[in-house]
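In what follows, structures are represented as C-alpha cells.
Each of the two complexes below includes chain A, the first together with chain B, the second together with chain C.
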Partner chain A sequence: MSRLGPLLVLGAAACVAALSVGFSSATFGGTDTNVAVPSVRRLTEAQYRSSIDDLFGSDVEVVGRFEPDMRVDGLAAVGASAVSITPGGLEQYHAIARHIAEQVFDPAHRDKLVGCAPGPDDADGANCAASFIGRVGSKLFRRPLGLAQIRAATVQTLASAKQLGSFDAGLGAMLTGMLTSPGFLFRVDTPAQSGPSGAIDAYSKATRLSFLLWNAPPDEKLTTAAGSGALDTPAGLQAQVDRMVASPRFAGGVRAFFTDFLQLGDIDNLSKDALIYPAFSTSVAEATREQTLRTITDLLVEHKGDYRDLFTTHRFAMTRALGPIYDVPVTRPGWSIYEFPAGDPREGLLTQASLLALHSHPGRTSPTLRGKAIRETLLCEKIPSPPANVNFAVVQDVNNPTLKTTRQRLEAHLDDEECASCHKATDGLGLGLEKFDGAGQFRRTEHDMPIDVTGKFDKAPFDGAGNLGRLFHDSPKVSQCLVKTAWRYANGRNIEPSDQAQIDRLNQSFPANGYRFIDLMRTIALDPAFYALQRVSRSAPERTARAATERGTHS
Partner chain B sequence: MKQHLSRRGFMLRGVLGGATVAVGVPILDAFLNDSGTAYAATLGGGHLPVRFGTWFWGCGMIPERWVPQKAGRGYDLPPQLQPIKAVQDQVSVLSGFDVMLDGKANLPHISGNTAVRTGEASETWQGIKSPTFDVLISDAVGGGSFFRSLDLSLDGNPQTSYSFRNGASMNASIPSPVELYQKLFGADFHDPNKADFQPDPKFMVRRSVLSAVSDQRRTLLASVGAADRARLDQYFTSVREMEDKLALQLQKPPPAEACIRPEAPVPIRGDITDLGVRKANHKLMTQLLGMALACNQTRTFNMNFDTAAAELRRAGDTTGYHQSTHEELIDRSVGYQPTVDKFAVGSMEAWADFVATLASIKEGDGTLLDNMFVVAHSEVSFAKNHDVTGIPVMLAGRAGGKVKTGLHVTGAGEPISRIGLTAQQIMGVPIDSWGSGAMRSNRAVSEILV
Partner chain C sequence: MSGIGMKTAGVALTMLASSLLIAADAPTGGQPGTRAFVLNGLYVGGGGDPNGCPATSSGNFDIFLASLPADQRTRLSDPGHRSELQKMMWSHYGFRRLRLWPGDFGGRLESAKLPPDVKLHQTPTPAQVRAIAELNGFPKGRGSLAYQKQTIAYSSCTNPEDFPMLAAGYHPYSGKISTGLNLDGKDGAQNFVSPEGEKGVDNQLWRAVGCYKQFQEMNDPALQRKVMLSARSPTLIEVSGIDDIHNDPDVTVRIVTGADPLVRDGAGNPLAHASFMLDRDPSLVTVTHGRIVDGVLTTDPVDLRFVFREQIVDNTRAMRAARIKATFLPDGSLDGGIFGYSTLASFYDMIEQMTQDGADNVGMSCVGVRQAINRYADGYRDQRTGRFTAISSAMNFHAVPAFLADQGKAMAPSRNVEAAR
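== the complex of A and B ==
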C-alpha cells in the first residue's frame, strides 16, 4: 500500500468510499443456483457519449476509440451484460477521460463547467472541490453521493493538487478517476432495501428507465422522482414514463434501439470499391444510416405509427448526399421527407440503401449476406450451423463455367443437399433484393441479363422487394420478432423460459395497440418485472456459449 | 519506493480449461539457461528479453503451390513460398499439422482459427472455452513492460483480432499506424537512452487515483453474481495493470541500444482493402512494431495482416480474395486458381517483409528477430474447401537462442495444437500439455528446439 508516501496513502484509502458509491454490499450465494442478482452492464459507446453530453454539453468532445461492443444474438444491449474491460480497453477509457478532463478545465469551459476556484474564503479550494465532486459524481454514478464520500474524494483531490502544484490539475485527476471507475463505466443495480423482495432501488430504476427510453442517464426530474420515492409508486412511474415518451429525447432512445436492432453501427466500417461504386463514399454511408433512423422516427415517433408500416412506407428521409444513390433530385438543404410514387421500386425498409449496402460485398451484392441478415435480425431466426460432415468441395462445379448471374452462382449451392441446409434459408429472401446493387442503387440487369427477383416467403410467392415488404407487413413473425428484440434490448439479456409469460402479454398488447412502437416501449417501461433483480440459474460460460455466430460468414 | 509488479493476471488462470499447470516439471529446464535468468529475464536485466508474437493472414494457400517437398534444412520453395527466399534461413515452415474437429461442424473460417489459437475448435469466437495461446504467453511474460500486448490490425477495424481471454473478452486491435504511433511514442514516451530522467508527478497522481479505484474491488465483487464477478474482476485486473504501467513511468527505463524514437508515420492513402495499399500499410506498422519491441514497450504482439475469410481485394475488382477462393475457376492450363494464387503470394510477400524488417534491427550481438519468436498462421489450408487439415504455419526468430530456424517440419496429420504448446513452452509458460479432446497434445515440435 505504501507506494507513494503517507499523504497519498491517506488520500487513496479515504477515497474508496467516494468512488465506490452506488454499489450494494449485499452478498449473494456463490453458486448462482437460482438467486436474484443485480444486472451488470457496461455502458455502450453511445451511452458514454450521452452521459458526457448531458453533463458537460456537446462542445466537450469525446475523442478516442472505445472498447468495441459485443453482440450476443445480434444485440449489443445483451452483449453489454457479458463484456468486461480489457487492459487495452481501459487504457482507451483512461485516455478518453483525460481528454475530457483537459477540456473541462480549459479556459473555454472552466468557468461554466467548474464554476468555482480557490479564493479568500476557500484558500485550498476544499469547498470548490467538494461541490464539483458532489455535482459531477452524482451525475456520473447516477445517484447522489454521501457527505463522507465527497469529503474523502476532496482529501484525495487536495493531495493531488499539492503534488501537481495546481488545484485544477488535482481536480482534473479526480474527474479522470471518476470517469474510469466501475460506478460510471458499468451500470450495476442496487437491490431495494425495502418494498417487495427482488426489486431494485429507485435510483437503479431511474437508470434502467432512462437508458431504455432515452439511451442516456437520468435527468434532474427523474432523479428527483427517485429520491422522493415517487418512482416507487405506480402513479409516479406512469407520470415519468409519460413525460419521457413525450420528450424530444425519446427519439434518441428509439434511434439507439434501431441502431442496435438493425446493427447500423457496422456502417462505420463499411467501405465500397470507389471504381465500381463512384457514387458511394464514407459520407454517403453515414447518410444512409441517418436516412434509415430518420425514416423510422418520422413514422414511429412523430406519427406514432404502426411498426409494420415500416416495411411498406414510401416516405423516405432524404438529403442531398443520397440523391445520386436514389436517382432523385434533392434541392433542399438538410433533411426532408421524400415521398416515392406508388409503383416505385423504393418501398419500405428492405429497399433502403443502408441495409442493402451493409449486407453486400465491397464490389458486388450478396443475397446470402442480405438473406442471413433479414432472417436473423427482422425474423429472429437462427441460421443453422452446417452439418458436421459438410463437404465444401462440392460448392462449385469447375467444369461448368456458365454461371453468369448471382442467382445462377448461388443455385449451385442449392443443388447440393449439404450446402442447401443453410443457403435455402438465406439466399431466397436475398435474391428478392437483387435489383439493388452493392451500394443500394436500383438496377434492372446484371451482365446484361434480366434479374429474376421472384421467390417465396413462408410459402407465399413474391416478385421483388416491394412484394416482399408487403408480406413482411402482414407476417406475425415480423411483429413478434420486434417484441422479442425490444424485450431483450430493455432487459439486457436473452429470454428465459420463465420470461415467456411477459413475452406473451406483449404479443397480445402490441397488436391490440395497433402495433404502435411507442406503446410497446411504454408497456415494457411500466411493467414491474422490468425493475426486478435478475434470477440466475446458469453459469457464465453457458451464457456466452449460446451466443450467435458474429464473424466469418461466407459468401 | 519499491516497485509493485504482482500480476493479478494470474488470477484469471482459473479459466485455463485445456491447459495443465505443471509448475516445476523438469521439462522446463530445457528452456532455462544455467542461472535460470532467461526465463526470468526482465527489461534490460543483463539479458535481452525474448519477445513473442503472432502474424495472421487469411484464406491459407494452395497446398500444391505452397508445401515444400523436402523436409529439414534447405527445403525447396514452391511458387507461393518464393517470396520468402531472402529470409528462408530465418523462417521455418510447418506443414501437415491438422485441426481435429472431434465431430463438430466445420464453421467456415472460424473452426480452424479457434482450434489453432485455443487448442479446441469452436463454432464461434464467443463460444471458446479457454484463452488464445498468445494471451497465455502474455500472462506469463507481458508484465513489466508498458503494454501487456500490442494487438494490431491493418484493415482499419479494431474488431479484427484473434486474441481472446474468453468468448466475451476480445483484445481489440489498434487499427492504424498513426494511432499506434500515438500510443507508443506520444507524450508519455520516455526515451530509454536519454541520460536524464525526472519522474513526472502526474504519473504518481494518476496511479494513486487508480489505486483508489482498485480498492473498491472487494466490495463491488461481493455485490454481484458469480458470472458478473468474473467480469468485474477482469476489469480490476486491467486497472491493476495500468497501475503497474504507471509505476514503470516513474522509473528511469533501462537503456535499450536498438531503440530510436521513430518519426511520426505519414498515413497511407487509398483503399485499405486493396492488396498493394495493405502491404504498404503493413510495412509502416511493422516498422513501428519493431521499434516498440526494441524500446521495450511490449513483449508480446498480434499482427493481423487481414481477416479470416480475407477481405483483401484489388481496387476495381467486383470479386475479392475470399469470394475468389470459392468461385474462381481452376485455370486448366495451369491447374490452379490464378487470382487466388496472386493473393496468397501477396500475403507471403508481406510476411517476408515482416521478417526482413525485424531482422534488420540490430540488437546485442545479433538482431531483434533473434530475440523473438513469431508464429505466423492462417485459418484454413485450401480456402476453396474451408480445409482445416494442414493449416499453414511459419515460425521466425531464434527466441534468444532456444530455437533453430530455416527448417521444414512436417506434421503428418498430428494435431496443430502441438505448435501452440511449443510456443508456450519456449516462452516459459509452465505447462506440459495443451488442447482439448483429440487436439490435446503433450509433444512439442522438438525439431525446432536447440
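== the complex of A and C ==
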C-alpha cells in the first residue's frame, strides 16, 4: 500500500455520509394498494469495472474480490435487484476503492486524472476539490451533483485533508467514499418530478438505457441528452438509441446479455480432469466463452442477423487454442471466423464447446445437465432439482462392461420411476449432444459403441445436434424464451401478469423484424414501459414475503 | 507422367478446386484424405541384443577420473564434488569457454575480448571466430561458436582431434540384432537382423554409439513418448492423397519443420490436434511418395533435413536416402522411424553444439562418438577422399495428430527423391 493508503482508510468513512446521493431520496407514488417502486440494482462486477474504465482509463486497475452475483431464475440481472451488500462485501468494495484512489493520486496518474492542486489562487484547494468532486461524482453517480452536495463534500474533503495532513489524502478519502457509496454501487431509479405518474427521471432513463445497450454507465452525450430534456421526447430517445446501437460499444452490451443469459460466467470455475480431457485447460475454457460471445456478436451485431440462426450457424469464432478441441487446423493469427462446411457435426450454438463443457461433469458428459440447461435457459422451462437421496451409481459407472454408452446407463437409471419423471424432460435433448464429450470434443463412439443421438423435441424427431439445432431454429418456444429473457434482463425483475401485454407486443414485433436481436433490444429501449416504475400491489403479501425471503437467503 | 504422378497431380487439383469453389474451412478432423502428425522427437534407435555391449562406454568424467590417483578418484567420484571435478578436468585439458556478449551464464563465464569489427549480438563470421580465438589465447586455428552461438569454445567437442585420450573406454555395440531397415538391399557382415527377423538391417550409427548410456536410456519407447526433443522446432509429417488409411498404394508424404513450439497437454503428453506454422526455409520441406500396406506407411527414399533445436543445441541434421516406416495406430497416433544415412558433417555439428558441458553431464565423450562414427560410416563415399560421408541410422519417433498451417499445399515431390534412390 502506498503512503496514501492508511490515510484513505481513515478518511473514507467520514466522506460517505457527505454524498449519499439519491439512495434515500427515492419517492413512492400511487395508492396503498398499487405502489410505484423504484428499482434498486447492484452493479455487477463487469458494470463496476466498465464504470472505472470509462472514468479513469484502463490503466487504473480494479483489483479485488467482488460480492458474487446472484441469479434469480437464471439471470444475474434479475438477481441484482434482490441483493444487498454484506458487511464483508462492503469491506471488499472498500479495499477495491482504496486501491483505485491510490492509483488516481499516484504520480503516474495524478496530473491527468485529478488535474488541479492547491496553489496561490486556491490556497486550501477548495476550488480543486469542488471541481474534482463535481466531475467525478457526476460520472460515478450517473447524474450531476447539486451545488449543495458539492459544497458539503468539499467541506468534508478539506476537513479530512486537514486531519490527515495532506490535500491528496483528503480528496483521495473522498474518492474512496464515493466509490463505496450506495449511489455508485447501486443503480437507483429516481421518480420523475413532473410528467406522467410512475415514470423515472431523465438521468435514471439514461442509466437504464446505457446499462441495457452498453452494460456501462451513460456517456457524455447521453447525460447531456438527459440534462437537456431531449431524452424525455420520443425523437430524442430514438436518436440516442440509434446512436448507441450503432456504436461499437453495443457489442459489449450484447456480450453482457448473452453472458448472463447463457450463464457463461460459470466458465470461470470450470475445470476438467486432465487425464481424461488433456487438451482442455483453464485457458481453453476461457477461449470457449470468448468463442461463443464472438460467434454471437458476429452474427447478431456485425451481420445484424436473425437470432434463430445461432442454432444453425456454421460460422464459429476460432482461435489457435481451440484447434485441438475442435480438431481443425487454425492457421490465422488471433481470432477469426471459421466456417465449418455443410454436413459438419459443428453446427450452431448447441455444438459449441462452451455450453457442452459447462454442462458436463469433470470427467464425463451429462445429458441430464445439458438437457436441463437447454430446457431452463433456451426454452425458459423449469426443471425441479433432484431429490437428495438419488442413487447415481449406475450413471457414474463409466466403465460398466455391459452399459457402454451414456444412453444405456441413463436408461438403466430410469428403471427407477421416481427418477424417470424428471429425466424424461431433460435427457432426451441432452442425449442428442452425446457425440460431443465432456470437453466438447467430437466423437463417434463411446467405448467402441456407436453413439445414438436420436430423440424428439416437441414430438419432432431429430438425429444429432445439427438436427436439434434446426428444430430450435424453427421453434417459437425458443424465440419467445429469448424475448422473455431479454425483457427480464432489461427490467431487472421477473415478469408479472401486468407485464404480459408488453411481452405480447415483443412477441409480435420480434418475428416481424426478422428475429433480429438488435431490433428486439431497440424495441425494448424505445418502449415507454421500460422507463416506468414498477407497480406493486401491497395487497399481495405472499409476493412481498417471497421477495424478503429471496433477499434474506441470497444476499 | 507416371500413374502415381497423375494421382498426385489429381489430388492437388481437387484440393485447389475445393478451395476455390467452397469458402468453408476444413471440416472437423481436417481435410479428408490428409493426415498430419507432429513428432515428439527423433531418437537414435537400435539395439535389441541385451549382450550387445560388454560394458557401458566411458564418458569424459569416467575417463578423467580413471587417470587420477586412487584417493583423489574416490573423493571426486562423489556426485557432490561434480563441480570441482569438472573444474579440474577443464583445467587439465585446457578447455576454454568465453561468452561473446553480455548475458546470464550464471556468472561463471569470462567475457571474450573482441576485435573492433565484431558487432554486438551479430554472429561472427568464420574469419572473425578465428580472430576472436586468437585474441583470447586459444591454440592456433582452434575454437568454435557454441551454445546458441553465444559463446566461443575450445574443448574435446569443438576439436576432438586434440584430445584422443578422451576416447578411452569406448565400446561398439556388437550385438547381432538391431532395429532399422535394409537401406542398400544387401546383407553383409556389418548388417544386423531386425527383431522381426528381417536381414540386412543397416544401422551403423547404433553400432557406433549404442553402448553410451545416454543413447541406451533414450532408446526406451516409453521414455520417448514422454520426453519431447526439439520442441521449439518440431518435425511434422503430412500424408495426403489417402483413399484408405489401411491400404493405399500411392500417398504423398511431406516432412517439414514447425515454426511453432510443441506444447504439452494436461496429461504431460504432446498436445494433439494443434496447428503449426511452418519454417520458411525451403530446404526444410521434403516431399516424397509413399504407400500404406496393412496400416503401415513406407516412403520412397529422399534426402531430407530436420532440425534439433533445444535450449543449447541448434542443429540441422541431414539424412540421405531417408525413408519413413511407421504404423497408424488406432488412437490416431503414428509410431515408427525415419531411416537413412545421417551425414557425418551434420552429426559433427550436433556434437559441437552439444558443448563440453553437455557431453560431461550426460556421460558421453565427444571424441569417442566422433571417432566411432568415422570408423563405422558406411554411406556416400567421397570419391576424392575415399571416405564415407554418412552413416546408416534409425531415428525413432512417436507422433500425434496435428495440422499444418498450409495443409496439402506442397504436392510436388522434392527433386532429391530420384537422387536418393
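In this text, the second predicted complex is superposed on the first by the 488 of 555 C-alpha atoms of A that agree within 3 Å, B and C clash if a C-alpha of one lies under 4 Å from a C-alpha of the other, contacts with A are read in each partner's own complex, and residues count from 1 in each chain.
Simple rule for what comes next: a contact is a pair of C-beta atoms (placed from the backbone, for glycine too) under 8 Å apart; a residue touches a chain by one contact, two chains touch by 3 or more.
Since the structure is predicted, the reported quantities are computational estimates derived from the model, not experimental observations.
Student: Once the shared chain is lined up, is A:P341 touching chain B (first), chain C (second), both, or neither of them?
Tutor: After superposition on chain A, A:P341 lies in contact with chain C alone.
Student: Figure out whether A:A274 sits in contact with chain B (first) or chain C (second), or with both, or with neither.
Tutor: Touch partners of A:A274: chain B and chain C.
Student: Comparing chain B against chain C, which has contacts with more of the residues in chain A?
Tutor: For chain A, the partner with the higher number of touched residues is B.
Student: Given the touch rule stated above, what does A:F186 touch, chain B (first), chain C (second), both, or neither?
Tutor: Only chain B; A:F186 stays clear of chain C.
Student: Which partner does A:P329 contact after superposing on A: first (chain B), second (chain C), both, neither?
Tutor: Once the two structures are laid over each other on A, A:P329 reaches chain C alone.
Student: Counting only touches as set out at the top, which of chain B and chain C does A:V40 meet: first, second, both, neither?
Tutor: After superposition on chain A, A:V40 lies in contact with chain B alone.
Student: What is the contact status of A:S160 with respect to chain B (first) and chain C (second): first, second, both, or neither?
Tutor: In the superposition, A:S160 contacts chain B only.
Student: Going by the contact definition given at the top, which residues of chain A touch chain B in one complex and chain C in the other?
Tutor: Common to the two interfaces on chain A: residues 274-275.
Student: Considering only the defined contacts, which chain B positions touch chain A in the complex?
Tutor: So the residues of chain B in touch with chain A come to 1-2, 4, 101, 103-110, 123-127, 129, 147-149, 151, 156-159, 165-172, 174-175, 179, 183, 201-202, 204-213, 215-216, 219-220, 222-228, 230-232, 234-239, 241-242, 247, 271-273, 308-309, 311, 313, 315-320, 322-323, 326-327, 329-330, 384-387.
Student: Given the complex with chain C, which residues does chain A contribute to the contact?
Tutor: Per the touch definition, chain A meets chain C at residues 272, 274-275, 277-281, 314, 320, 323-331, 338-346, 442.
Student: Name, in rising order, each residue of chain A that touches chain B in their complex.
Tutor: Of all residues in chain A, those touching chain B are 3-4, 8, 11-13, 15-16, 18-20, 23-28, 30-32, 35, 37-40, 65, 67-68, 70, 72, 79, 82-91, 94, 156, 159-160, 163-164, 169-170, 173-174, 176-177, 180-183, 185-186, 188, 269, 271, 273-276, 361-364, 385-388, 390-393, 395-396, 398, 401, 409, 534, 536, 539-541, 543-545, 547-555.
Student: Considering only the defined contacts, which chain C positions touch chain A in the complex?
Tutor: Touch list, chain C to chain A: 22-30, 265-267, 269, 271-275, 277, 401, 403-407.
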